[in-house]
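Worksheet: the structure to be examined is printed underneath.
Per-chain numbering from 1; labels A, B, C and D assigned in written order.
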Amino acid sequence: MKPGTFATVFSQRETVKGHFLMTVKAPASFREAIPGQFIMVRLEGSTPPFLSRPFSIYSIYSQGNDTFVEIFYKVVGKGTLAFSRLQEGDALNILGPLGRGFDIPPSCKKIVLIAGGIGVAPLSFLAQHCGEDTRGTEIICYLGAGSLETVAGLDRLEKICSAVEISTDDGSRGYHGPVTGLFKRDMGLYPEDTTWIYSCGPRPMLRGLQKLLKDQPCVCQVSLEERMACGIGACLGCVVSLRPDGAEGSLVRVCKEGPVFDIRDVEFGE
Amino acid sequence: MNVRMGVDIGGLTLKNPVMTASGTFGYGEEYAGYLDLNRLGAIVVKGLSLNPREGNPPPRIIETASGMLNAVGLQNVGVKEFIDKKLPYLRTIEPAVVANIFGESVEDYVKVAQILSDAKGVDALEVNISCPNVRRGGIAFGSDPTLAGEVTKAVKGVSRLPVIVKLTPNVTDITEIARSVEAAGADALSLINTLTGMSIDIEKRVPHLEHVTGGLSGPAIKPVALRMVWETVNAVSIPVIGVGGIMNASDAIEFLIAGARAVQVGTANFINPSVAVDIIDGIERYLLDNNIDDIHDLIGTLRI
Amino acid sequence: MNVRMGVDIGGLTLKNPVMTASGTFGYGEEYAGYLDLNRLGAIVVKGLSLNPREGNPPPRIIETASGMLNAVGLQNVGVKEFIDKKLPYLRTIEPAVVANIFGESVEDYVKVAQILSDAKGVDALEVNISCPNVRRGGIAFGSDPTLAGEVTKAVKGVSRLPVIVKLTPNVTDITEIARSVEAAGADALSLINTLTGMSIDIEKRVPHLEHVTGGLSGPAIKPVALRMVWETVNAVSIPVIGVGGIMNASDAIEFLIAGARAVQVGTANFINPSVAVDIIDGIERYLLDNNIDDIHDLIGTLRI
Amino acid sequence: MKPGTFATVFSQRETVKGHFLMTVKAPASFREAIPGQFIMVRLEGSTPPFLSRPFSIYSIYSQGNDTFVEIFYKVVGKGTLAFSRLQEGDALNILGPLGRGFDIPPSCKKIVLIAGGIGVAPLSFLAQHCGEDTRGTEIICYLGAGSLETVAGLDRLEKICSAVEISTDDGSRGYHGPVTGLFKRDMGLYPEDTTWIYSCGPRPMLRGLQKLLKDQPCVCQVSLEERMACGIGACLGCVVSLRPDGAEGSLVRVCKEGPVFDIRDVEFGE
């Protein structure tokens, strides 16, 4: 059983402009979470948000009998605004861990992370996980942001990754342009058979990455975002279209069959 | 606890009056990890059609003030796969199984009803008449008393199971539809289905839903649902099941007091997957607190 | 600011598309201390009848999820006192004055329309057809296309003013009523009025409202209002005014994008008495941000 | 102009079980408030409550350029529950001062306050006001509560009044029975022409008081409560029925013509 759970805010702070890192004290069942999995979050007895909101797990750790779940999020609307106002001790309701996380290959030599904005959240958890488990794996991270004030999640990644490359839309820091452009520059460096790519970010970025990888047969898993109501596969609200290998398209639930998919299977639309 | 919670809905016997609403509880098994399914009065499964359906393209849902719009578009596995893959699990648990069905023609409804009536483990049919009748220019069965009566009669004609007809609120006079459906032989009514609504993304100037319009559910619609249930209870003599915006025991009790024989919990399941059990517990507590030992002594006790 | 906000509603010229909805802004003067009334496009006054009316006994209002039910019951000072006591003040301020009228028979409507058409300072009539027609067994004028057309034609026949007909959402097909009202000569439509709803006090087991049912307003109903406005805009060629759950500029802009020529702000005035001005400012800011220099270039720009 | 005003919670504490005293930092316009007037309170951007909630002004004071409004309230539903969770610094929206307050007779010798439960709030403000303005006036207070744990507002009244008499429904403190019963006991002590009575409390209590005073022609003003939407006379939601001197009944707005009325004019119904 993983029923909806009362949890409390342990700490919260704004890391870079509009981005909040919240630590939630959660039940021990959360310890088992895998990178790429998510939780559904809501307030108790107050709206907005009316529906729970999905957030990737940014990290999990235990201290004594307590388990702490970190989420890292950007304020984009009513729900995230309401969450950003929570203070230590405030009550939350969380459900999880949910969904199918990233596949972690024990043998691969190079892991490449490509993050667009707050898409860094699940990738940072993955980096942490791989950094601990498979010593010797090289992790390279490409981090895209709007401008230098919103480069999110950098500190933690710099500690884990062999290299962190930054791009900004306005060129105020690092490469000037989309993070996919930055990755494209280095693409030749990564051997197909020993490189695993993981990515998360806005849809146009993932679409760009998909194009880029058309003739590059290395593994690439992406974590997708879709509006969700239930988070557990019941409402059929969160579907995306998959079209693996040119087969007939089919709708799958991001919350249940995902949120992690093979980038080649996803139909990103226009 | 020592209160009698059992109710009879036109031949369908429930150990308590709390059901989960169609489309909000999957095929039951999705919720197995989140609550004790055996506590429920009944599970109404996602609407079934003759053939599997893909439903509408995404985005399919958007939040609204105290509610949500959905345009899932009746995606479902089809009646055959339901019987083969979903029903076996439902047979292993206690709650009554209500198969919600829909079609685009009277014949569709009849075929689905026939197949399900022969399937072991289905305890009742709930006929969703909010769907457009493709033969008659797309008028929803549920917004025309004659069409609503026709489909009810046809389904009753081929099924030995109790037939619950689920009414749409998007009508001028719900009692007119209710009476027509009752006359056509329905064993019970459930109401309401969703109100049709819309929402616009003002930055992109497109509808939030790919399907443009969707069905509004959640606490926003509760006052409308309660009014329609009360009107319908006063207009027919078959049992009425109240649905719409029920988030907690207090909401459910409002419907029971208005005269609903049972209630269905919909959107609330998304927000709190164990809410149905909380509602059952809450109703029991209310009965105890008010020295009522049988739920029937609460049902329909509104004083005007 | 340099954007053109003026709109024309079937002959009624407004300096901006924001009006206050009938029954939610008194006779204007109640709000004088809370916002600069001269900023408003128009003020629609509380519904007027031939004779003063006491309305329904209390309790008259109850809060619901993101909304409220009211059963004020059309309490008003009557058309004579309105002209003598309320209109003089309204004449001293800039916004257009729209007199909302209602009656229990076509003759009632006609008399009120006649009296108001002769009164200096009334710029348009808004005909509330949600009321029951006492002669025809209490069917609401607004839920029958023929009755709705009749009352529209009769009012148009006696008034030189632009006639806006206000539609009720409690109907199966709002476009049918809209088309009938348009054919009968209406200059514009406003929608929606309140959805009928109900709420029960589970401790006392009585309705929260003495009148049992009431009208649901507020953000809860916005998705329904927006859908009906969009449907109606696509069904008629006269201007449509969007009403229902507008709480801020973003909500108002949704209605404009859907095709409404203007909007009315109702329940929101209760929560924040200066909200109408905030909405005007917000629409202007949106136009500037989006490089739109005339509101008409926003109206009806929904991409499907 | 008294537009809706952002205000902040200056302090809040539970005084007796379920009763909260909240001090709100408000604009200077609130200084002019008269006892019996009220304010409308809501949260900014979060529901419930959806509509603002009316509360009597419990007291007003200024410190430097700041004006502080106190409200004293009992948690009875969703709105008051939400308010009770507010902490120092939290934002509120308040509108007021609203309505017609108590008439204060400069000449009267005796002021009798009859409070049922949280009805003490406007009466305490009145006592404070009279205690300051008209030295020499004797103020006697009858305070009714459910039981001894919920006797509300006592401390402050004891400092101002010549006497505070207490009744509880369960007899756990003071007189055993309704506060009207307690007042009845002493009624003979108050001369009709020099006594002014002020009361606030649940409707059945006020109905009882009205009966009691049928043959006692002294002045008695009551502050009524009704559900409100606007608080400024526009929605017509808050009406009560008045029937002064057997004249034909008429509906008046509690928020505008009231909340203070002559007890003899009010039709309390069954």
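To be clear about the criterion, contacts are C-beta pairs under 8 Å (C-beta built on N, C-alpha and C of every residue); 3 or more make two chains touch, one makes a residue touch a chain.
Since this is a predicted model, take the numbers as computed values, not measurements.
In terms of the stated touch criterion, subunit A and subunit D have no partners in common. With centres taken as mean Cα positions, subunit C sits 34 Å from subunit B.
With centres taken as mean Cα positions, subunit D sits 47 Å from subunit B. Inter-chain spacing, taken between the CA centroids of subunit C and subunit D, is 36 Å. Within subunit A, the positions touching two or more other chains are listed as 47-48. The set of subunit B residues that touch two or more partner chains comprises 64-67, 218. Chain contacts in this assembly form a single closed ring in which each chain touches exactly two others. Shown are all chain pairs that touch, namely A-B, A-D, B-C, C-D. Interface residues of subunit A, counted against subunit D in their complex, comprise 45-48, 78, 81-82.
By the touch criterion stated above, subunit A contacts subunit B in their complex at residues 1-4, 42, 47-52, 93, 95, 226-241, 250-251.
In the complex of the two chains, the subunit C residues touching subunit B come out as 64-67, 69, 143, 170-173, 195-200, 202, 204-207, 212-213, 216, 218-224, 226-227, 230, 245, 250, 253-254, 257-258, 286, 301-304. Of all residues in subunit C, only 23-26, 30-31, 33-35, 46, 54-55, 57-68, 70, 72, 75, 218, 267, 269-274 touch subunit D in the complex they form.
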